[in-house]
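Letters are used for the chains, namely A, B and C, taken in the order the chains are written, and counting of residues starts over at 1 for each.
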Amino acid sequence: MTLQTVAAAEPFVPPKARKEVARRAVFYALMLVIAAIFFVPFLWTIMTSFKTIPDAVNVTSLPHPWTTSAWHTVWTQDHFPTYIKNSLFLAAVIVVCNIFLAGLGGYAFARLRFPGRDLLFLLVLGTLMVPDQLRLIPIFVMMVNWGLYGHFESYILINLVTATNLFFMRQYFLTIPKDFEEAAKLDGAGYFKTFWRVMLPLALPAMSALIILQFQGTWNDFFWPLILFGQGDTSHYTIQLGLAEYLFQYSSYVPQVMVGSILAIVPVLIIFLAFQRYFVSGVVSSGVKG
Amino acid sequence: MTKRLAMVLGLVALAVALVAASAQAGHKTHKVTEVTVAGWSSGGDEDNLLQQVINVFNKTHPSVHATLQIINTNYGDAMTARFAAHNPPDVFYVDSYVAGAWEKQKVLQPLNGYIKKSHYNTKKFYPKLLGAFMHGKTIYGFPKDWSPLATETNNGLFAKAGIRKAPKTWAQLKSDAKTLQQHGVAHPICLSPDWARMLAFIYQNGGSIKNVQSKASAQAVNFYVGLLKSGLAATSSQLGDGWCGQALGDGHSAIIFEGNWLLPYMKSTYPNVKYGVSPMVKGKVRGNLAFTVSYSMSTFTKNKQAAWTLLSWLEGKKGERLWMSKGLALSPRSDVKTIGGRAPFLASAPYSHGWGFGNPNFNAAYTVMSNDITAVIKGDKTVQQMLADVAAALKGQ
Amino acid sequence: MMATSATGAAPARLGFRSTMVGARLREAGWGYGFALVPIAVFGLFFIYPFIYAVYISFFHWGILGKQAGGHGTFNYSKVLHDPIFHTALKTIAEYTVVVVPLELALGLSLALLINQQIRGRNFFRSAFYFPSIASSVAITTIALYIFAANGLFNQIIGGNKAWFADADTVLWSIVGLNAWTTSGTVMLFYLAALQTIPNDVYEAAAVDGTGAWRTFWRITFPLLKPAHFFCLVVFGIGALKLFDQAFIASNGTGGPNYATTTPIFYIYNEAFHNYDFGVAAAAGVIYFVIIFFLTVVQRLTVGRQEAA
């Protein structure tokens, strides 16, 4: 009976399967269309960056002539290399500080017992609710009083460690089985050694996600750099500040502005492509806990 | 994965080290008195000229070294931040429409003492302009230049429409615009939704900023807004341009009202477009606005004497002569000549009214003005409502 | 070397260190030590500024600091009676009420698409998440050009509207922009939530002969409730804090006609344009209370949901 059915089914493609293929084709087409729509603005930006200023008015046509003059101008005349250098510097320093401090703090809140721990943790979470603009003026005045206004130190200080990162590391440490610490204790390791040699390495996936997310956060930050060192001394500008100023002043130099935008996006894109897996898992697990 | 991560961290550390090293290398030390001077700039030409002027000062004043900072993003906000930080530049631009507010906030240094001590001759400054930076008898800054508005027309479009001369009156403005429309220019006039342009028309109808709710003022506003509503005029964003200067250059509009700053812009951005500059149109009377900026000193300056040396030189004959050399603006001193070709602007001096002169609430009121005029053009607010809002804001309410 | 030592003999010989109390104190010490710098940072740059801001809000405070006039609630009164602040609240409410459902719908749709067994899943996930990684400055800059009166968008769909310059459309243009750039992040959250739904559920529905649409509405959607609430409030609070795009699109003016004046922009503008730091602080405190209230709502709702 079965053999007959199978033999009969082979050459004949049932209508359901054909519908399935068609459905799949439509599905993939839809996905590609959506992806294309998502990419179009960036492709257009790249395309426009290779145009001359007069040609940039022709928004729907390809560059004619193709020129790298906008790239050349931005790179050599418009301080963008300085901006990129500044952004990289800040991102690097802040990421390193956050890994260390959020790791330490996160571990403490996850695994060490000390009086008032839970209350303090709630306070830490509470800081998430204070909007930047509310603490704007007090921090501004504080930085002035300490003589740090206009210097990178001010921005680094307020970003040494963020509540989100600490929370994130704590959540991750909570998921690590206690066996590791107990083994370390057996070996006679003190608290710091346990943290540094055992726990932190175990938290590598969380750390990777933190690196990427904090890099993105610092690189993309506009508000605090604007307030703390974005008022005139362009030697200190980050790329986002540089781009904003460029937009405000030279909005008619379209190709150059496009170059600036690309430069403002590319580094994060590179990091994203290289570490996609951690990126995604980082965003998700940092948020799912609420 | 550990290896990759370690590599990334290593690269990060390397980047940090490299950057820190290069940052250190960039530091210099000076033995002379350092003074910072700040202003904004409309483009490369102005940047260069400013730097040139500062360089000449530095060469001729070995004991004072001035460093120039150009602040282009929201100059006003930036300066506020720096005042609040007690850390502004020593010498800086002050736009006349915020001068009153900054004086009130006590961030500008009164200069009378320095003027007396160095026997500085203030009589050569045009009194109306100097008055913008005075409160009673106290002088807070000197005008470094000024500009009124004028009527600029696109020669090509005018020739096509067969109009020979630029419009001189409101009536001519309307009829010329209609003719231009018939010859293919959709919106011949470019008007900014900005009191910094419309106020000139208010003065031309006999109104004034001090009596903003008068019938004359309301009439003028209706005229201005009416041009926009009828299609004879359009705003620069409606024309797809950044400002009316751009609209003139790319031929989207044939008649605009801008100040002397248009000239360097056209030279650099639209060098091949032929355009004409004529005196500002006339309503019932002649009326125009005077925009001016001063050099002032801050009350926080640590080197007040050195700052005064810089300020007085910049404002003196030598400094102003240099600044006037490229024709970026008009001379504020009777003993320094403006570059040639600026007659239409200079002619309005007698009837130009200061923009924001003397009112400490002008800065805040300007926000109300800007937002309300957009509403009126849209039809969301009546002219009377806007004038009431503006009058209240000017009083500080 | 303690595996077999009994509780009896050891304490007397090893002394303080190995007693329970001693160990606890040591642990507490290390705990505080580890948490010290983070706590200091939060205290110094969040708690203290917040208290200071509340202090400022009760005085006349100009560029140079406290001004004459004593203390009182005049700043709060000014803010609460300011029609511009009312407009700002209305604006942000309109914005939030539209952008959040839009973001969630888009994100959920994308997540549903990606959640199938498809080839090139990573590619599509990257493509859909890509707009989220661009900075607000960069993406707003690009949008300003694409949606200019003579920009690419108008060339495609026709017309001449200056989407980001027109008072009527600028807010909705920002809605569209932010919904697009946030949908990628929302997608990731929904993806994670979708992946917690066991396959049996879908199989059971298939066996019952339920169609795809009904399966979604009657089964999948309700099962995503925790994710709904979480996203609703997290992205809602994010929407309430709108500043960057409004600032850049309006060239720092908050216009045209106050269309881009959000409460956060209002705070900034009062301080930096009207030189009234007292009013700015008062507005900040008022808005903090609003956000705090909504966050408490989240904790209660999500907490209850997760418990259920």
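The rule is short, and it goes like this: contacts are C-beta pairs under 8 Å (C-beta built on N, C-alpha and C of every residue); 3 or more make two chains touch, one makes a residue touch a chain.
On a predicted model such as this, the values are computed, not experimentally measured, just so you know.
K.L.:
Select, from A-C and A-B, the pair of chains that is joined by more C-beta pairs in contact.
P.N.:
Of the two interfaces, A-C and A-B, more C-beta pairs touch across A-C.
K.L.:
Sort the other chains by how far their Cα centres are from that of chain A and give me the top one.
P.N.:
Checked the centroid distances; the maximum from chain A is B.
K.L.:
Report, in whole Å, the distance between the mean C-alpha point of chain A and the mean C-alpha point of chain B.
P.N.:
39
K.L.:
Approximately how many whole Å separate the CA-defined centres of chain A and chain C?
P.N.:
For chain A versus chain C, the centre distance works out to 15 Å.
K.L.:
Can you tell me which residues of chain B touch two or more of the remaining chains?
P.N.:
If we look for residues of chain B contacting two or more partner chains, we find 73-74, 77, 81, 84, 86.
K.L.:
By the touch rule stated above, which residues of chain C touch at least two different other chains?
P.N.:
150, 252, 271, 277, in rising order.
K.L.:
In chain A, which residues are in touch with two or more of the other chains?
P.N.:
Within chain A, the residues that touch at least two other chains are 137, 141, 244, 248.
K.L.:
Within the complex, which stretch of chain B touches chain C?
P.N.:
73-74, 76-77, 80-81, 83-84, 86, 101, 105-107, 193, 237-240, 363-364, 367, 370-372, 374-375, 378, 380
K.L.:
Would you tell me which residues of chain C are touching chain A in their complex?
P.N.:
2-3, 24, 26-32, 34-35, 37-39, 41-42, 45-50, 52-53, 56, 110, 113, 116, 118, 122-131, 133-138, 141-146, 150-152, 155-156, 180, 185, 188-189, 191-193, 230, 234, 241, 243-244, 248, 251-252, 264, 267-268, 271, 277, 280-281, 284-285, 287-288, 291-292, 295, 298, 302, 306
K.L.:
Under the touch definition given earlier, write down the residues of chain C that touch chain B in their complex.
P.N.:
Touching chain B from chain C are residues 62-64, 148-150, 160, 162, 165-168, 252-258, 269, 271-275, 277.
K.L.:
Hey, which residues of chain B end up touching chain A in the complex?
P.N.:
Counting only chain B, the residues touching chain A are 1-2, 5, 8-9, 12-13, 15-16, 19-20, 22-23, 26, 38, 69-74, 77-79, 81-82, 84-87, 89, 242, 246, 269.
K.L.:
Once bound in the complex, which stretches of chain A touch chain B?
P.N.:
Interface residues on chain A, with respect to chain B: 85, 88-89, 92-93, 95-96, 137, 140-141, 143-144, 149-150, 201, 204, 207-208, 211, 227, 230-235, 241, 244-245, 248-249, 251-252.
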